[in-house]
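Below, chain A partners chain B and then partners chain C, in two separate complexes.
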Partner chain A sequence: MIVALAVCALGGLWFLIRRHIELSRPLAVLAWALIMLGVVGVIVATLVGRFGGLYTFLYPLPFHGNWPGWSTGVFLIGLVLVNVGWMIWCLQMLGAVLRAFGGLRGALAWDYVWHRQAFQAAGRQPPPPEAFPALVAGFDGLIAGMDATLLGVSLLVRWLDPRVVINPFWAKNLTYFWAHTFANLIIYMLAALIYVGLPYATRRSYHISVVLVIGWWSSMIFILTNYFHHLYMDFVQPGILQYFGELSSYLTAVPVTAVTVFSALMPVWQSRTRWTLGAIFLYSGLIGWVVGGIGAEIDASVPFNLHLHNTLWVPAHFHTYLLGGCLLFVLGWVFLLLESRSARETSGIMRGTIVALSFGGMIVFLLDFYFGGAYGVPRRYATEPAPGPILAQIATVGAAIMLAGFALAFAEGLRLRWSRAIDRPLWPGELREEASHEG
Partner chain B sequence: MKDNLPRKRMVNVGMGILGVVISLDGLTMPFRSHEMTTIPVHHLLHSGMAAGAGLLAMALAANLPRRDRERGGWVLPAVLAPVAGLALMWPSEYAYLMGHHWLHFLDHLGIALCSLLAVFAAQAYVRGLGWPTLVYQHLERSQQSGHPAAGDG
Partner chain C sequence: MDAAEKLLLTFIILAAVAASVFVAVGWSTRLPEQEQAAVQHRGYVIPGRWFTGITLFLLAVFVGTIPFFPYLAAAAALQPAEKVPVIAQQFAFIMPGQFPLNRRILFEVTSRDVNHGFGIYNPEGQLIAQTQAMPDYVNYLAVTFHHPGHYIVRCLEYCGVGHAVMEKDFTVEGAPPAPMPMMQPPSTNNVGSSNESNPFE
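Right, the complex of A and B next:
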């Protein structure tokens, strides 16, 4: 789920940044191919080799399971390949924003924030909003990628040479630093689709502001330190890091989410927004981002974490922001593209059915996770204590309804694609011009 | 602008000399010190040597012609050289290497060359990416101090 949405985010952001500066296609294809090859490795290790070290693969679990040694090796090599592809993409993205917007100072919009009068007097423009997700993902992603390189090589060395003993606590810090940063960056990368997609739906431009820039600076720093909230139960972790983890969790999400969501609502106010499936999915994704984010902040608060740690609350919050946030951003973007290039339109009945099934099912599916977490039902248990089983049954019904909605959306997407008639790529400038002619 | 050029050149030369001195110190260490340190300390020394090699790479990369486009061929060395450099820091082999100075020297040479290549390649790919790569690599190697080998004293 994480890698699938990450690949969507990598492709989407790459496409948006390529509107500002030329990017090498072979490099992007290489990054994608390496990630896919890594995914194949993980699938083979898991399904054929029966590797059961979980997606968190915390040391020393990968080396002490009831599965053959080769499956551990294939799993680790798969992860290293995913990481190599990820790092190539990060280097390309960071390099792109440095080239396009005048180095790090320009890409950070430093002068726009601190020397605004001189900046405007010189006729300079700050980077567009989608440049900030690219900068943050490129910069933080490289740090996380280096961390993953270190972890991956260490685990591979341990696999090849059992004499090597790794400090489990050190490995846990590295694992969560990489995995949390990688998973966390997905939604920040996909925010770029909001910045470019919403102006298309509302026919209003998305303005960059000092508050938005500072929100992104905050995220850039604290995305790297909020993973500490995964280690609250590790008593040997220095106490100061636990406090810092809680503070970082709030400072990562709140500024940029609040500013993005608030500023995304502004263009809709008294606009001529056409509530197509694309616009509905994009806007609903904002709700998933906020609800999942609040669920995450609750879990990242130490007094709540004492009760919610390792319960179904954890999958509740990440399913909300991945399924109800990231996936909807991706679907919204795809439908905006399809709708802008199709001769047909989605009928009101079809739109209503898709929305009712997808969101209705999703709410039932996610709520059961939250209730389970609040009741203290543990996750990753083969046999759950009550009320886990009944909640799981209700959630299954919700998931089936949601999947029916997504299947309908998929069929509708195909129908729109088959009736492709107009080639009108998403260029907000041109569209605004077009809108002004209409007005 | 013109005044800045000699100053930049002086900074580059200074950085290059500093990089050579640090790298040479790390490379010749196997012949000067025969005492086994702890693995974390050994890795910290490697990270210092890697930083020296990175500084040398930045000084060398300053001579590359300015270009606004990507030099795509440099991306793979920038990503893969650190992997090779880390693989050369194989903790369970240190005891053997301490008794074989030339092998130990070759190991250090490999680590330094990997760092040099990674930083140079990143800077060659897009100007400005060398510095973060240098810092990341330094942190990466120093962080490997959390990686004790069996029998680590």
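Right, the complex of A and C next:
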């Protein structure tokens, strides 16, 4: 799920930045191919080789299972390939943003924030909003990628030579730093779709502000320092990092709410928004982000984490913002494109049915995770203690309803694609201008 | 209302309030349209205030949670306690099956092979304390059992295909058994504590 949404985010952001500067297609295809090759390796290791070290693969578990050694190697090589592809994308994106917007100073909108009068007097413009997720993903992604390279090489050396000993606590820190940063960056990258898609739906422009820029600066730092909350229950971790972990996790909410809530709500407020299926998905994804964030903040509080760590509360909050946030951003964007290209919209009945089924089912599905977590049901259990089984049964019904909704959305997407009336440009920005002329 | 219900209620209320804001803003598109400049003029006052307000609120919450951090118990670790070694391994816990009531137990938790979790569930099935069990390291977890009954330790870190069956039962009895040798815990900071109570109760 994480890699699938990550690939959506990589493609989406690449597409948006390419509007501002030329990007090498072969390099992007290479990054994509390496990621896909890595995914194939992970699937082969898991399904054929029965590798059971999980995607968190905490050292030394990959070397302590009842699966053949080759599957551990294929799994690790697969992850390294995913990471290499990811780093190529990050390098390309970071380079593009720095070239397009005047180096690091320009891309950060440094002068826009600190020397605003001179900046405006010179007739300069800050980078467009989608440049900030690209900069943050490129910069933070490269740091996480370097961490993953160090970890991956260490584990591969251990795989080749079992005499090599790795410090498990060092490996644990590296693993969570990479995994958390990678997973966390997905939603920040997909925020770019909001910045470009929402103005199209609302027929308003997305306004860059000092608050938004500072919000992205702080996100750039907090994304890298949040992973400490994964080690709250490791009492050998230096105490100062535990305190810092909670503080950092809390402060993450400030730029997210300032950037997400206000910057996205303002274009909608009393606007002429056309609530097409694409606009509904895109806008609703923001709710998933915020609600998932609330669940995350509760879990990031050490006193609560003592009772929620590695319970179903963890998948509860990340499913909320991956399923109810990231996936909806992606669907929203795809439907906006389909609607713009086909010049058609989904009927009111179909729209209502899709929304009721997919959102209703999703709420049931997600709430069961939260209930399970609050009652201490552990995650990653093949057979859960009570009340896990009954909650799982209810969640299954919710998931089935949600999938029925998404299946309808898929069918509707195909209909829009096939019923393309005119060959309109893919880019909604041009259509937004058209719409405003029509309006 | 037990701790889990309070936690869920808090989450659901916060989530509902957040969702309501989005629904209300979405609903506002039914109102007469306003020029973007007018909305921005009034609207941009809010983020600045929100930025400051939410920052101060979260800082206050951070300070408020500090007394409940388990790590602070490192200072209290000097109190006498019964040291109980716990060794986790795929897929079992090696530890005693009986503990006394109202006596401070200092679990010395480590692992023989891979990362495991050490989560203690009380007779009502609530997760009352936990720490990680790591190879090469010892995590110290201080717990005082105030209620007699049947407790279960479950592994809370994925440790392989038998993860879900890795558990250990123990009982806490009213009449304390013969006293175990009292020892001073090490003065390290890798100590956590639980007083068999939920901080959100």
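Annotations
Just so we're on the same page, the second predicted complex is superposed on the first by the 419 of 439 C-alpha atoms of A that agree within 3 Å, B and C clash if a C-alpha of one lies under 4 Å from a C-alpha of the other, contacts with A are read in each partner's own complex, and residues count from 1 in each chain.
Simple rule for what comes next: a contact is a pair of C-beta atoms (placed from the backbone, for glycine too) under 8 Å apart; a residue touches a chain by one contact, two chains touch by 3 or more.
Just so we're clear, the structure is a prediction, and the values are computed from it rather than from any experiment.
The larger set of touched chain A residues comes from C, when the choice is between chain B and chain C. Contacts of A:Ala400 after superposition on the shared chain: neither chain B nor chain C is touched. By the document's definition of touching, neither partner reaches A:Val44: not chain B, not chain C.
Using the contact criterion defined above for the overlaid structures, shared-chain residue A:Leu306 touches chain C, although it does not reach chain B.
Of the two partner chains, neither chain B nor chain C is touched by A:Leu241. By the touch criterion defined above, A:Leu27 lies against chain B but remains apart from chain C after alignment on the C-alpha atoms of chain A. Once the two complexes are overlaid on the shared chain, A:Asn167 sits against chain B and chain C alike.
Applying the stated contact rule after C-alpha superposition, one finds that A:Ala392 touches neither chain B nor chain C.
Contacts of A:Met350 after superposition on the shared chain: neither chain B nor chain C is touched.
167, 169 are the residues of chain A that lie in the contact sets of both chain B and chain C, per the superposition on chain A. Against chain A, the residues of chain B that register as touching in their complex are 68-70, 72, 75-76, 78-80, 82-83, 86-87, 90-92, 122, 125-129, 132-133, 136-137, 139-140, 143-144, 146-150, 152. Every residue of chain C that touches chain A in the complex is listed here, in rising order: 3-5, 7-8, 10-11, 14-15, 18-19, 21-22, 25-26, 28-29, 31-34, 36, 39-40, 43-44, 46-48, 50-51, 54-55, 58-59, 61-62, 65-66, 68-71, 74, 90, 113-115, 117, 119, 121, 125-132, 134-141, 154-161, 163-165, 189-192, 194, 198-200. Listed in rising order, the residues of chain A touching chain C in the complex are 52-54, 56, 58, 60-61, 64-66, 167-169, 172, 204-205, 207, 209, 211, 215, 233-239, 242-243, 246-247, 250-251, 253-254, 257-258, 261-263, 265-273, 275, 283-284, 286-287, 290-291, 294-295, 298, 301-304, 306-307, 309-311, 370-371, 374-376, 378, 380-386. In the complex of the two chains, the chain A residues touching chain B come out as 22-24, 26-27, 80, 84, 87-88, 91-92, 94-96, 98-99, 103-104, 139, 142-143, 146-147, 149-150, 152-154, 156-157, 161, 163-167, 169-171, 173-174.
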